[in-house]
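Next, two complexes with chain A in common: one pairs it with chain B, the other with chain C.
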Partner chain A sequence: MDQLLQLTISGLAVGMVYALIGLGFVLIWKSSSVANLALGQIVLLSSWFTYGMLVQLNLPTLLGFLLVIIFALALGWVIERIALRPLIGQPILSLIAVTLGVGYFFEGLVTFVWPANSAALPRIFPTKPVQVGSAVISQEYIWIAGISLVIFLLLTAFFRYHRLGVAMRASADDQMAVQACGIPVTKVFSMSWMFSCTVAAVGGVLLSSIGMIAHGLVATGLKSFSVVILGGMDSFGGAMIAGPIIGLAESIGGGYLSAYVSGVTDIIPFVIIIIVMMIKPYGLFGETRIERI
Partner chain B sequence: MSLPCGTRNYTYAEDMAIFRTKTHWVFLACLTVLLLTLPMFLGKFWMGVANLVLITLIAATGLNLLVGYCGQLSIGHAGFIAVGAFTSAVLTTKMGMPFLVGLIGAGIVSGAVGLIFGIPSVRVKGFYLAISTIAAQFIIVWGLSHWGLTGGSAGISAKDPSIGPFEFVSDTSKYYLVLFFTVITVFAAKNMARTRVGRAFIAVRDNDLAAEVMGVNLFYYKMLAFFAGCFLAGIAGSLLAHCYYGSLSAEYFTFTESILYVAILIIGGLGTTLGPILGVIFIRVLEQLLTVQVVPALERALPMLPSGFASGIAPMLFGLVIVLFLIIEPRGLSHRWNLFKAAYRLWPFSY
Partner chain C sequence: MLKLNNVEVTYLNVIRVLHGVSLSVPDGAIVALLGANGAGKSTTLKAISGLLRIEEGQVTDGSIEWDGERIDKKGAEAVGKMGIVQALEGRRVFEHLQTEENLMVGAFNRHDNYIKQDLEMVYEYFPRLKALRRNIAGYLSGGEQQMLVIGRAMMAKPNLMMLDEPSLGLAPLMVEEIYSIIKRFNTDQKTSVLLVEQNVRVALSIATNGYVMENGRVVLDGTADFLSNNEDVKEFYMGLSAMGTKKSYREVKHYKRRKRWL
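After this line comes the complex of A and B, so read on.
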């Protein structure tokens, strides 16, 4: 029973972070219908950048985080401006492939600047264990779940009430109409990339603050695709509900099955992707696309 | 189409011929001589590279059928190659089957696995399909490195190929073996692409709904594309196991390797016969040059930087090449070659 509770709480917390990274995906998909497959590498790169700021340059934590946010914003702007802008209107295959290329480049860049296999961030959150019911868990999990939730609420509010958020939703709906209304669509695209990279960076820092910075973060970024596939690619709420489900499945399934099948934790999200694809390909809350010739 | 001036066809057979002018036949003869005598010019290292290039070409041709002609994006090709490699190794090493049985078995098993992961393609396309093939890649590699039959994380060894009493031990003999299969594959794919099946693939790629309305059986042709693509991946995997690696580990078939296959198609040109050939030569030779020549040289030249930094150069360069090709020349090297041919034929009156 203790074990179950413990696994549930850690699964929920990690799932919230997956959801956060998944939000980074949904942001871009909603505004520009581009699938960002470089998400895993962006998570990896920003985690290593955080390491560079906090450990290698030994900056104070808050200043370091500020720099990470600025870095992520700049990263999003640069990707959109250099790689995506020239490809507006190209077939979806090119759009997917270009993000793969960007991701490949980042992977090389990480090896180039930080050749070490893995590193650890300093503990950002208090590690004092707390007692929840009969289980004892580290406080960190509660912190990262809380932070993810706050960012999610902020983003939702932004999309609902802020002018730019409304513009983003509108441009997802109909680019031509939005352009006719005088909204600069390119600016909307570049803003969505900047937001997305920032969200992914925060997710990466949260994940690596409780674990390690290692190449596996790319796979973690890819795991967040299972969140968007399960929740529906164009739904914020879907991502936020699917995230904890994936996290729970991973942690509880991994916790109980690892004794029989070693290392099963890593592929549970991918198995979920395949199952969802076969049964309900547009996810729980996604919009089913009706195509016309 | 783009025939030289003055070429006329009087029979359907002439019209369908791949090699039709005298120049074509001369080029074909030169290419044949070059391919057959290549081992005389290349050293041991480049012989290995030539084998790798030819094997990769088989896999890339398969992916080209799937992505280039049928338009079903697959980013898990390395996973399907891994299935073929391990199937062949298990069949020959553990069950004592002959090499040819392993080769065909690898193709069939890979194709079957491809069918399983291709089923979502009936309902979804584009990004959704890309994601499910990524999932396939991770599931397959995980399965291969945890299953007892495939040797688990320790891997499995694959002995040198042999047909009847003849064993292919040296790199040169393996080269001729691989060359044989590569030539067959390229011609089979070319002919598949220009007959009924290929036309159906292209119709599905351009607009699958319209194709369905016109009477193309979507399920059949999408599954056929997945089977053909993954069958060739399996053949390539088997050759890779027996002729290149010798002993297998699931770590060879990474996600980045899958991206590399997509890069090969983009750089070469999607949906062309020439595209994969140019793309494979470009990517593999560049890769070998970088990892064998440039990286150690840089490591030695800049000892003050942390060790291992230079191994990041190859991925950086490949990523850059993918992005640049998509922006500047989305139709790939084969399109450049066609432009060059047209310019050459029309020269000096380019109108």
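After this line comes the complex of A and C, so read on.
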């Protein structure tokens, strides 16, 4: 019983972080219909960068974080400006292929700068265990879930109420009409990449703060894909609900089954997706295409 | 005052579509730009608004001036900031946004304190939009979407509003309603209007003067009265739209020809 509760809480919390990283996918998909296939590598790169700031340079935690955020914003800006903008107007597939290339480049870059296989960040959150019902869990899980949730709420409000957020959603619908309103779409794309990299970076830091920085972080990119496919590629709320579902399935399924079937943890998300896709092709909360006759 | 002098437009560096178009829109006037399908009306509007580039078109000769300043080398954003706004052909609302959000996107480049007030103004012109303010734009009726597109252009507080076939695919009563609102807006706000239309009769009913285009050239121009009494205009344009044969063709062509930008 205690074990179940523990697995539930940790699964939910980690799932929230997957959802946060998934938002990095949704953001770009929503404004430009480009699939950001570099997400996992952005998570990896920014986690190592955090390691560089906090451990190698031994900066104070807050300053280190600030630099990580700036790094992520700059990263997004650079990716859009250098890799994607020259391809504007080309078939969507070339743009997606470019994000894949960007991903491999980052992976190479990480191996080059940080040849170690893995490293640990200093503990960022208080580790004192807390009692939840009958289970005892590490406080860290509550922190990472809370931070993910706050960022989610901020982003949601931004897209709902801020003029730039609304313009970003509009450009997902009709890029030409957005420009007819005098809105520079290049700025919209640039912003969406900057946001995307930032949420991926924060997600990376949260995950590595409770685990390790290792190549496996790239796989969280994949898990976030499963989250957005499940929740709907263009739905923030969908991601935030699908994330914990995937996290739960992974931790509970993994916790009980991996003794019998090794590697089952990694399959579970995809099994769920296949089932959902058969029933709801746009994902649980995806925007259906509006067709009027 | 908008002035086009011998404007030539080429798409993809080879397809020449406009062969020296000259026209002007005096301050506060409503000018109709008429002509058959493919004459180059929409291209003319895009050349003015700077949207041509997105479709890989270019002003290759001549000049476009707004209040004496050359704008043909400027991008859509810069032109928009000068108060020139284009409502595209085909009721291009932002489908997944609410009605009011659509309107607010129109005010994106404004930073004055009158945006809320202008929102109320748009609702006054189009009371129906107010009732539908929280509805998803993709599900509005065709007429309501056309109102929304015009309202969105109004929200930019434009000096020049360019409308591309606002009557397209609408029932006659709805066309009348929308046109009387355009006229009222023009009178109240002193906004110049450049109006592209297939529906010659209704366009000339509110316009001060007009131009008729054919194959990328202006072949006839004059006051609205002059044009409505011109035999050629009567025969080729009014005649056809009264018979309705051309009209149904138009509807089939009401295309999703738009090029995706990314």
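Observations on the structure shown:
As a convention for this text, the second predicted complex is superposed on the first by the 280 of 293 C-alpha atoms of A that agree within 3 Å, B and C clash if a C-alpha of one lies under 4 Å from a C-alpha of the other, contacts with A are read in each partner's own complex, and residues count from 1 in each chain.
Simple rule for what comes next: a contact is a pair of C-beta atoms (placed from the backbone, for glycine too) under 8 Å apart; a residue touches a chain by one contact, two chains touch by 3 or more.
From a predicted model like this one, the values you see are computed outputs, not experimental measurements.
Contact with chain B, but none with chain C, is seen for A:V261 once the two complexes are overlaid on the shared chain. In the superposed model, A:I92 lies in contact with both chain B and chain C. Looking at the shared chain after the overlay, A:P184 reaches chain C, while chain B stays out of its contact range. In the superposition on chain A, A:I273 contacts chain B only, with no contact to chain C. Of the two partner chains placed by superposition, only chain B is touched by A:L109; chain C is not. By the touch criterion defined above, A:I28 reaches neither chain B nor chain C.
By the touch criterion defined above, A:L37 reaches chain B but does not reach chain C. When chain B and chain C are set side by side, the one touching more residues of chain A is B. Note: residues 92, 292 of chain A belong to the chain B contact set and to the chain C contact set alike, using the contact criterion stated above.
Residues 32-34, 88-89, 92, 95, 163, 166-167, 169-170, 172-185, 189, 287, 290, 292 of chain A are the ones touching chain C in the complex.
Residues of chain C that touch chain A in their complex: 49, 51, 54, 56, 75-77, 79-81, 85-88, 92-97, 101-102, 104-109, 136, 138-139, 152, 156, 258-262. Listed in rising order, the residues of chain B touching chain A in the complex are 67, 71, 73, 75, 117, 119-120, 123-124, 126-128, 130-132, 134-136, 138-139, 142, 146, 207, 209-210, 213, 255-256, 259, 262-263, 266, 270, 306-323, 326-327, 330.
Per the touch definition, chain A reaches chain B in the complex via residues 35, 37, 82-83, 86-87, 90, 92-94, 96-98, 100-113, 115-116, 218-219, 222, 225-226, 229, 233, 261-263, 266-267, 270-271, 273-274, 277-278, 281-282, 291-293.
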